[in-house]
């Protein structure tokens, strides 16, 4: 078949090489740009979160399976990994530390073979509810069986053990980071490759129309089951990496809120695009580690972000990016810069005013005894003073006004560009 | 040393469902630090900064990293043994891998005895040189409580109702041990472990207790699992004494008061009606924060730290940690000593009873109820042996 | 006999409580297909609103005002947020309620503080209703059961005497067509969501003082109410009712059963010792897992009868 | 010679109502059969029984002599029987090409594999491209199926149906919703793509029926009341009463 | 009764109708013909307020443009959508119930009328509408709208998928509607029955009306038929 008369993804596609090259480069240099030890653990956690969110999206985005219990698999991966690592420490099992995540992956896959059989018998709501039930059961048992789960204290371990090839002990965070980075790169690559395989395509078809899939020769249950196991495998790898990173595993890793976080952030990143969960994973770590450090009101902000994102960008951040890519592809992104700038600045002003007020309220509620004064972005606010409230309200209202002006302008511009693109596409089609 | 500022990183849930407790305790630490800054044996200034670990062990590790990055050398935590062990384990590893940058961990409320004993299995908690517990652990409290109960002739058949996780399992186990030693005639009328936080209605348990013929109930439950139990007992008209660990925690008194009169005993290292300095502090705290001051371990913690710093003539964590070993200071309730062998503070214990506050008594959470001490037990009573083999640096 | 009677009573009253908690969710979930994760948050709001209004005007007016307020909030949420995401499908609908639950939780903590609120049972409802074998049956529990039954009747009338249920079910697949037939679909959706929220609010008014009014109260009832709705069968009010009672009774009796797997195999002469593999599992008593039995039901029911006990459809 | 498809006293009840009441039919390989009958007679149900969407209450279905009743749809498909749907049933969020490729994969033996790249499956890609040409959608190759016009979706529906290379094809009202002109073109297309295959089509448009079919089966109230050549069926008195015998039908057929 | 002037309609940015004008009088059957995609369904949706539109639509002298679909329905316009939008999860009878605007409404038609018209529906009245055969669903949509007792009924391709005999029946029935004073706007593309029963025929092409006259003139107008309809 020498002369294919159709265009297809070729493994040697230049664009792809560039993108994957960039991805590798980012993984490589990130720890050199952010050097504090907190930054290094955060980067490590981001890698872990990226893998697990991507694996979650195999279910949600690619398979249309809404799971409320994905943490069961990443968590079981963690637990088995920690037990294995402790056996390694005792000298009973000669497994290099760098392969522990694979152990996590395999054990998660094992549990997926077990639980997944009943879970994937159903799709849609029954599927979601079975995962919820199994998730709750595993979580409840995790506290009841200290023999395996280590009780409240969990199980700790030491990743510095076994042979040390090239003097790599994985003691220093940076060494571990690079191990995680390698895993992140490979797993991302594998999961991307998966989307290009027959099974990867059929699972999309199962998502869209399971009934028809049965009539082209596939057993939908089996398709879901296999994908479920593969997703669990990658989740387990991330669990194993988390074991190495935190060196302790407690029952929270299988908890319902953890599963919920996967869902939330995968969606926020964008479930309809392959790279969406990567953004989601990064945001997850940022939100939990940084945002919560910055402000007591972080849960409120998180809730609001979700509310607005779901309402105005239900495709997640990835869809926003892709929309602009499309505009760029038609060469019209340049015109939007000013509008974007205006939007960003005015939105920032609104945020500033609103955040100042939120912070003052929180201050009044939580820290009133420390005096009415609080620091907000370097400025001093007086939570009991009319001036601060007036000022904040004023800033916010002006912001809202300006934002609205900018927004109207932008949406007109945007609409016009979309119209242009539609026309242009029609025109090209007829060529 | 004198005039230096000692910064302590406080890590406990400051948001989410357990925020109430964490925030109260952060305020307690800050209040005590403020009060004794420069007015202490070492003449240092204390500053306590809150980090929100959301009650999660893994998040605790992040906050610990953040704190260490920001130069904190003292951390304190108390809510939840899970987070406690995560922090301790991470502190151990940090200190081992970063000599010269050691961190000391003051545990003010996590009471899993495993943290001051030898490890049962690799990977489970064990004692550490960097860990100092200011509270009394589960086994010590049980010693105190059983010492009180053995003198109660009414107590003949006890029902054990606990949450099915390490703390609840330990409470049951230590009770059975201790009571067999002290009052072999006391029967265990029944025993139940229930999943933590899952029971919405305790009436079935109350029915079971009633059927068992128990004359008292012992529970390590906390939060909703405790208040709902008390309410259910009240509702069913089961008027038998309830021996508890955690009836005094933020929010629980309010909920208890809503349920009407019931006979509840608490074992703790303090109570709500201390006189003298601590009493004053309670009033001042109430005025300032509109909240109760009950984490007295903060008081002992600051006393202990400053005394150790004075003794070591340094604020270096290693030196201070060494100085704290075996150190005795005066607490709000007499002399207390940080036992060198396992870093467990040896202190007096109190049995208190929940009842309507008489004039002059402290109204807990403005409920009109209070915890009155009915028995004080000297430190030796509640002291328990340790299997810890402390590994000291250097 | 004594234990049996009391347990049965406890089981029924617990079951009715579950029904009270989940009736609003049944309404919303089964009719609109929205997995409302903020349902428990509305329950909490009901309790806090009742707490505040009780202090102002007393319990009885609060019994009406608080659910009304919650219903209003629910309706507004439907109108300004949920409605917009309806067209994007179920997952966004679910996530927006997730977001809402965060916001409500934070708001509650801001307004009423992070500790529990001192919301008590009114004195005229305190005390026992009757005493049986020396065990009191509290009056307030009786009141709770009464309200739960009233709720059941009210929803049942709403569903059978009006066509709201039909309109909504039809609108789930073809909203435009329903509207073209002359039904104000958006308003019906708003009413149903508001109504569901108000029911949760009412449950909060009554559950808040029977139990504890605190910011954590939403999380504690969060997932079990889903179990009730799903086990009963989506789209079936009667199913939810049966499931509530069933779960209530079984769970209550399970607490009294101290049998374990170890005992069971022991009868066949197999001896399980602490050294046996999985000893922790073998020695687990049924009473120890009683409170998580609902989740097991959930899984089993969905596997063997995905429509739920009395349901008519799967999703 | 065994029939390509044979029904033996097939019956199906939903609840108390018996919808299919003893259908027997033998279709020889390569024949084109039109199935007609009043609305609700059970034509689609018959297709559902044959293709495994429902299991029959009693009776047998034989495909090339093998029993297939009670088997799952995917098993039946693997044995070489494929069907289309009355209400368009495609993969809306996949491109036209992907839709077809999904239809092709199993028959070429790729099963559940995730160890090969789709791009490297030259035979599958080749076949999907061919199909694109056959159903005249090559210009819409990378358009999402949901964005196709109705007629194009119908064509895709048929495309997916024939993609797996099944020998027995069932089409349920393939031209529903199409204009006259489109219908005509579409029938040509169907004839073209089903050369040498056994075809069963449900149709209400008599023009199509008489233009396409070698034989006509008339289903009335769950029974096959006639199975014969178009001329004989048209002449059949019972068929006239039950189904034809109206000006509309005459107008269509005579067209 | 219904008067449409200069109607433009849009799907988002797609401009589909370009100044459509026509009228439907009391008791008149008007056929709206045209090729696929010419905009007939869009016209119907615009009248019902289901797509964005500009221009003027008056109903009994009262402008109804910009009203919500349910308000328009209450004013007496009934709409039978294409694609058989039956409500699959509820029973046939319940589908008909939803056609009524309130449970107390009494109109020209009762359930029994519907069931006599299509006995098939009576047999199936307690089954879920989703399992009905294609043709049965088509009957149901028609009946459902009639239950709302409209004065004007807009029917979008009612004969699709119906057996020839039933098609004839529907034609007959539309005539009885007319006899009861109901106006009909019949959207069709198969000319057979439309030409047989309608008083007037409109032909639509590329979003505007290109022919407006009696069926006989249309039959005679070869150009229009060739250019804008298919033969």
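Order of writing sets the labels: A, B, C, D and E. Residues in every chain begin at 1.
The rule we apply is simple: a contact is a pair of C-beta atoms (placed from the backbone, for glycine too) under 8 Å apart; a residue touches a chain by one contact, two chains touch by 3 or more.
What you see is a predicted model; the values in this text were computed from it and never measured.
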| item | value |
| --- | --- |
| Topological distance between subunit C and subunit E, in contact steps | 1 |
| Common touching chains of subunit D and subunit C | A, E |
| Steps needed, at minimum, to go from subunit A to subunit E via contacts | 1 |
| Chain whose average C-alpha position is farthest from subunit E's own | B |
| Chain centre separation (subunit A, subunit D; CA means) in Å | 44 |
| Centroid distance [mean C-alpha coordinates] between subunit D and subunit B, Å | 74 |
| Length of the line joining the C-alpha centres of subunit A and subunit C, rounded to whole Å | 31 |
| Centre-of-Cα separation between subunit B and subunit A, whole angstrom | 37 |
| Set of subunit E residues in contact with two or more other chains | none |
| Where subunit C touches two or more other chains at once, by residue number | 109, 113, 288, 292 |
| Sequence positions of subunit B contacting 2 or more other chains | 23, 164, 193, 195, 198 |
| Interchain contacts, given as pairs of chains that touch | A-B, A-C, A-D, A-E, B-C, C-E, D-E |
| Contacting residues of subunit A [partner subunit B, same complex] | 36-38, 41-42, 45, 82, 86, 89-90, 140, 143-144, 146, 150-158, 171-172, 242, 246-248, 250-253, 288-289, 292-293, 296, 298-299, 366, 368-370 |
| Contacting residues of subunit C [partner subunit A, same complex] | 35, 81, 84-85, 88, 90-92, 94-96, 98-103, 105-107, 109-110, 113, 223, 226-227, 230, 234, 279-281, 284, 288, 292, 295-296, 298-299, 302-303, 306, 314-315 |
| Subunit A contact footprint on subunit D (complex, rising order) | 51-52, 72-74, 77-78, 82-83, 85, 89-94, 98, 101-103, 105-107, 110-119, 121-122, 125-126, 129, 139, 141, 160, 163-164 |
| For the subunit B and subunit A complex, residues of the former touching the latter | 14-16, 23, 27, 30, 51-52, 54, 56-59, 61-63, 65-66, 68-69, 80-82, 84-86, 89-90, 93, 97, 112, 114-115, 122-125, 164-167, 169, 193, 195-196, 198, 288-290 |
| Complex contact set, residues of subunit E against subunit C | 48, 50, 68-70, 72-74, 78-79, 81, 85, 87-90, 94-95, 97-99, 101, 103, 144-145, 148 |
